[in-house]
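Every chain is named by a letter (A, B, C, D, E and F) in the order it is written, and numbering of its residues begins at 1.
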């Protein structure tokens, strides 16, 4: 029977300029909806899971459209709270070659910022749930969201529901000290932590920037090992990315189970839409783990899911399992499937 | 030499669903910019006036796009203040036949709400100005906007610059009592007031809904005469509209100069885009008055401008003088202009 | 608590030329999905009902897209059977003025034609159902569809679930004699029959073309009364339409409860998309009856729903209850809803 | 066997703003090709005739696209001359309601202006031809075009091929005196003249503006009778149009055979695209006459063809015979053709 | 004088999702027409050949649109049979990077499946023909298509018209044994065979997958030599492709004339649209051979034609001879042609 | 205070096929405006300069649209002369991979060809100007344009305004001898010359094609040194480009100050739109020099500006200073800017 997975967070209206035109050229915006946890929810629904998404959305047509967008791909939205002021927005201009993509956020005061813990019926939502996933973006949205996340994680842990957390630190949303204070509580004892909080006696805990510091696998193992000890996280996971340009990257991923650091295959690929790739990675890993896979297979699947996401327009990884398995199986030749 | 006209207010990002599709059907939005006073500014620039628009816009690409949109049609934006949080947004779904158009506002906390009076260099902006136009929407946006409007109107009156005010009461933006308290100060001694505040001993001052109450020309004359006496407004002006459907209307207009109530020709027309029609009316009247026209000619021009606006997509009345004169001259046959 | 309503039939891929361009001009088609009963299902889901749709769709991406399209608007598709060859298609060119809309069908051998009665789990689907709706199109699709419809209607009647049938006779799909033979069994004892089968001793039973024959209300009452007696239908219902042009119609509707013939208000309106208007009518009536309305109120609601549908692009009537109530309440002025 | 009809003239690149947006709003143009005689040629090919079009087009991709556009609808372009400078262009902004459509011409120095009479192989082109049609636009394009037209008409008359001429006087293209001088020679002895040249002793010959002068049928008969006598034209034909607005017209038509003035049915209709309607009229008449119809039937067919053209986007009347016959038969109800 | 070439096969409606969006994201499809032999026909017409295409299409607007699409590019469609049920369809989603393109076929029961040999007037069609080209797809469409192909090939051979056959084996269309049985008769004594049937004593005749088996030039020569002997084919030809990804390939080609195996230049290129590339190759070879080129030059031209096709959207290779010659001449720098 | 820069030249309507479709596939054109000097003017306005553009445009809506397009990005158009016949046009088909982009010019007889020197008010335009930029395209447009350019350059030199000239030789516009005769006068004593005129005793002065001749840096230094001596140009500048394909290039640039030849960094990049890249280079250099930068920094900035332009659709380099500085700073990783 399909696993039941709960995710919780904000879903935003994404307004993208056509093609890769610049903001100042746009006379229209493509309008879809996305957000870190919603992206995970859609992937899991697409994989046939019973996927529930929790959020708060205004009781107007824009809020309804966000719900409809999730329903399209099979996400259960029965527990979405309606009310508040507005749907958060992010404007996106997709880059190409040496020109990076740009995001302009207009997400303050969105409905989820007003959410009260009591508005969520945890007993119903978490009934028979097999997994709970959330990200570090939600607590960055304000005091009420911190309370919501803390309550939800506490509830899930109490019920013995496995929890995964994608740290997803964004320095435009909050400062690091506040981030760390909130997140160290949340990632305590979870099953999967995407990203890490470094334990540096001089700098304090920090999300290190390895790409720039040239950390090698040995370095990763040390840091992940420290994560494991401090927070009792079952798996520490990360992607490793080479940014050649806005449209050409390479990547692999790492997982640490407390003993072994395993690195996935590495892929070289061009990019159609990079947003949501990290969520496709997280969703791929959760999908495999909740269905009993070995953590190495799960990492390979997650990495292929992430790579494939870059070829799909929008926030969602609208690929099916056989397509991802073809990638892990080594078929990246792109021959026409007739 | 071209007259210099200053307008001040908010310009919003308008996100319209394609064709007349519903919000829940939209996968893209047409993106333009508009707002009551900005619409007036564009019309006047299009007529060859030196047209200055005052507002505050965020220092990001969306704010820049709003400025660019105004510059396209020749509006001078040198005095636009940059800063604050966001560009206000309104979502628009255009109706047809028995289905009305719908607006969803998402305009709270826009940059203009943060404006400080000191951010505007009134001396430069109003130097040699021939007219100042504003609407009742701006003071509805918050305390700082009230201060801005009061300061600006006071400055203009002191300098002897003619002032026009479009009352533009919107019950979603503020309640009537507050509206009246603010606006009676502003319309005192102005040259043109679009709309009126009724002096009803029982109901207090009120914007009457004549269409529903069946007020006749005699009734209008009484009310406008009272307006004239209480506020010393030179001209009281209004449009009269028959709403047959979302796509079929008829309209004429009234002007009162303290002595005579003059009614314009009446037009029957179908509608492409109704938003901004009232602004096209106001702009047409201001254009003619500032250039020395008789008030009756000005009203006919304003009415034709308003009617013609309904045929133009977007907030702006992008018509040229000869096109409007053709309408006032009675040519509404729509024969191809080769 | 929301009523549970089951509908069953074919959903087709609708390929419409852009704007109102002709087939031979099209370089692209707008692609949505629709079908008589699916249209009813979407309307009911949109009204907040628990709406289940039964059909068979191929196990490919086109079949999945049809399901996704239904899910977008909240229809439950858990009981849709997957398999068979193809999604049926209809090509649509929308007319205007004196030029009619044109439909080219390419629906033969679609998956539902292969459906086996055993593929449907009737016990689960009809559990706690409050209504069952179907149309005369489904049995026209072939022998297996006839068996399916007969089985489903029999099952519903046995369980005491109210049944509505939209006769929807299409002479391109089957000949009249076969139609009558099948349908007289199905409409026996149902609660609502949309359309009628005439009992003419000379011509045999026939769906009369009243518009051309100038039948008056008295005539309708006679025919409906005969329907009532022969088939024990609770309500006989029909729309009455004046086709002025492809884009301008007027309509009202009739309902007969065995005693009284009630005629709804009549509306004059222009047309954006006519397809699915009859389904919006049926859905409106079912919605009101299943929720306990008086049959006259139900007819008024159904008529307004039908009229409003003509303003919405696509097969579905994506309007909400308050919008329909505004029409029945007499507000067809189309004033902007800000 | 299908009749062979030769037409000759200029085909232009038509650049239309999207929807009914104004020139100053356009960020793209719809790009098709059209021209008075080309429009006639396409209609006749669409009706199954062997339709040949003669023109000169540059030997570049824009010229090739014009040829391809004609071939799409079955026009034979084997005798099109390649060379010269450019494809003439007209920019079109489609009006609506009280706002007229606007055309900006950029057609000077197009390839056909450079045509040499010797470049056309008249013997091959006119071999077994059943009709020759041209318009008064071509000789307006310059001296070489006048020579071409005179040569072609002379050739056709000599071979006994029936000739039809659409006067199509455009005051932006040439002045009236020159027009008359050229055209009186051309229309001498032709079979059909669309429009007329008035024989007014005071004003000289002139194309009268009857719509404004209130000429009645008696007046038309007088003028046409004079046409007949002076030029020995077999049929004088014209359309009569009521321009209510850019999107709402009514029309009928007149034909005079030297004895009787026959008026067609009158139609009331809305307009999608007015350009080419006169050519649809001419083409309809030629089609019927060349295939042996009675002139009254031909006029009814031509009128219906013209009315129907207004519902089709672009210059061409892409309707088939049964659709036109439905209109002449009185079915303008626009009911969906399933 | 231009050579006359006849091709015969199915032309399908191709419905492509916009950009490279996935099927489940599409709200519209780009609509063009294509098919293996039709693609060859268009290329040859574009090269100035007298190009005739034989097929059967339904007598509705979709069938007409397919004909019009061919006529646009100059293909003669006078011998296309009208009738039958439907135009076959293929849905296409274009991949990118590691994500392959996907095709969903909906082509069963198309009109050509109903074709009767007598519906084709072979004497007229093949009169003065210089070449006949067909592919292995057509006989896969059913018994009547096998008869048609056999009859046509027999007729051509009898008349001494050179024949080329593109084996084009598709395992979704038929099983290999049936394929071989039919095709060995057809390729007997033809001038060109694209692809080969392997003569492997263990596996029986088979289309080998060389890319996966690492066959070298020596291996190809052996197989082609065996083809030559068994079937008396004048030239055996194939492309050799390196699939790096859906958007990046390299390729060259081989031709064997019974004595020498010649390999073309190899090209590295990115891909806009891969469909029809094989047909562009075949068409290029036929074009050169029918016009008397050396087989090596023909192969170079064919290879360049194939490479260039990958840069053109749609099934057709809409390139002109000079563009292909530039590629064979070594200019692949893509400098702007002003 | 912002520097005032004057540019002068032709602005054309650019009609581009959608995506990278071929001319013969286009049913619409994207419509923007551009031209060598206009592109420079827009870049400088975008950088915050007071940027004036001089040209002549017809007094119709197409001319107005060109002006509006410039105003959008802040260019001052107050001195644009209105009149003449038409806006010049260029049709653009964007290539990809081995297929080059193609331009079809239709620019003859545009308004600027009719310009009279007296129509420009040089005293006003050049008042307080800090720089004057022009290109070799303008004098190629005809005798009046030569007079205009000579007069303007003479005026600027007399007033001590620095002048830059982009030679921009186009062999479709004029022959080399005439080019050289005109340009050697113009580039005498200017501050910057983009490109060079070679002093070859055998071939006469010539614009050499170094890419093909394999000239090394030593060779460049010799030629530039000779330029310096003959024409007293302060800086000789050029880009060096490796054309791998239509969508993949590499480039660096050279500057010579009379003593030292400095080469910029080299970049490898993919291409969205190549048109206007040279103008982005020129504009970048002028921007830095007019604001007092060192010539080496100016060259690095110009090169990065040029590279970045290739990622922007349209003729204009709509990038801001910080984006260009990021490139010169070595960040070409294209990471998302959130």
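The criterion applied here is as follows: contacts are C-beta pairs under 8 Å (C-beta built on N, C-alpha and C of every residue); 3 or more make two chains touch, one makes a residue touch a chain.
Just so you know, these numbers come straight off a predicted model, no measurement behind them.
Note on connectivity: the fewest chain-to-chain touch steps from subunit D to subunit F number 1.
For subunit C, the chain with the farthest CA centroid is F. Counting C-beta pairs in contact, the pair that comes out ahead of the other among E-F and A-C is E-F. Centre-to-centre spacing of subunit B and subunit C amounts to 45 Å, using the average Cα coordinate of each chain. With each centre defined as the average position of its C-alpha atoms, the distance from subunit B to subunit E rounds to 63 Å. The multi-chain contact residues of subunit C, meaning those touching 2 or more other chains, are 22, 24, 27, 68, 73, 102. Working note: touching chain pairs come out as A-B, A-C, A-E, A-F, B-C, B-D, B-F, C-D, C-E, D-E, D-F, E-F. Per the touch definition, subunit F reaches subunit B in the complex via residues 68-69, 71-74. Listed in rising order, the residues of subunit F touching subunit E in the complex are 19-22, 24-25, 95-103, 105, 170, 172, 243-248, 274-275. In the complex of the two chains, the subunit A residues touching subunit E come out as 73, 267, 269-272, 307-308, 310-314, 318-319, 323, 327, 332-338. Of all residues in subunit E, those touching subunit C in their complex are 15, 22-24, 26-32, 60-62, 64-65, 68, 85-87, 89, 91, 93, 102, 104, 106, 108-109.
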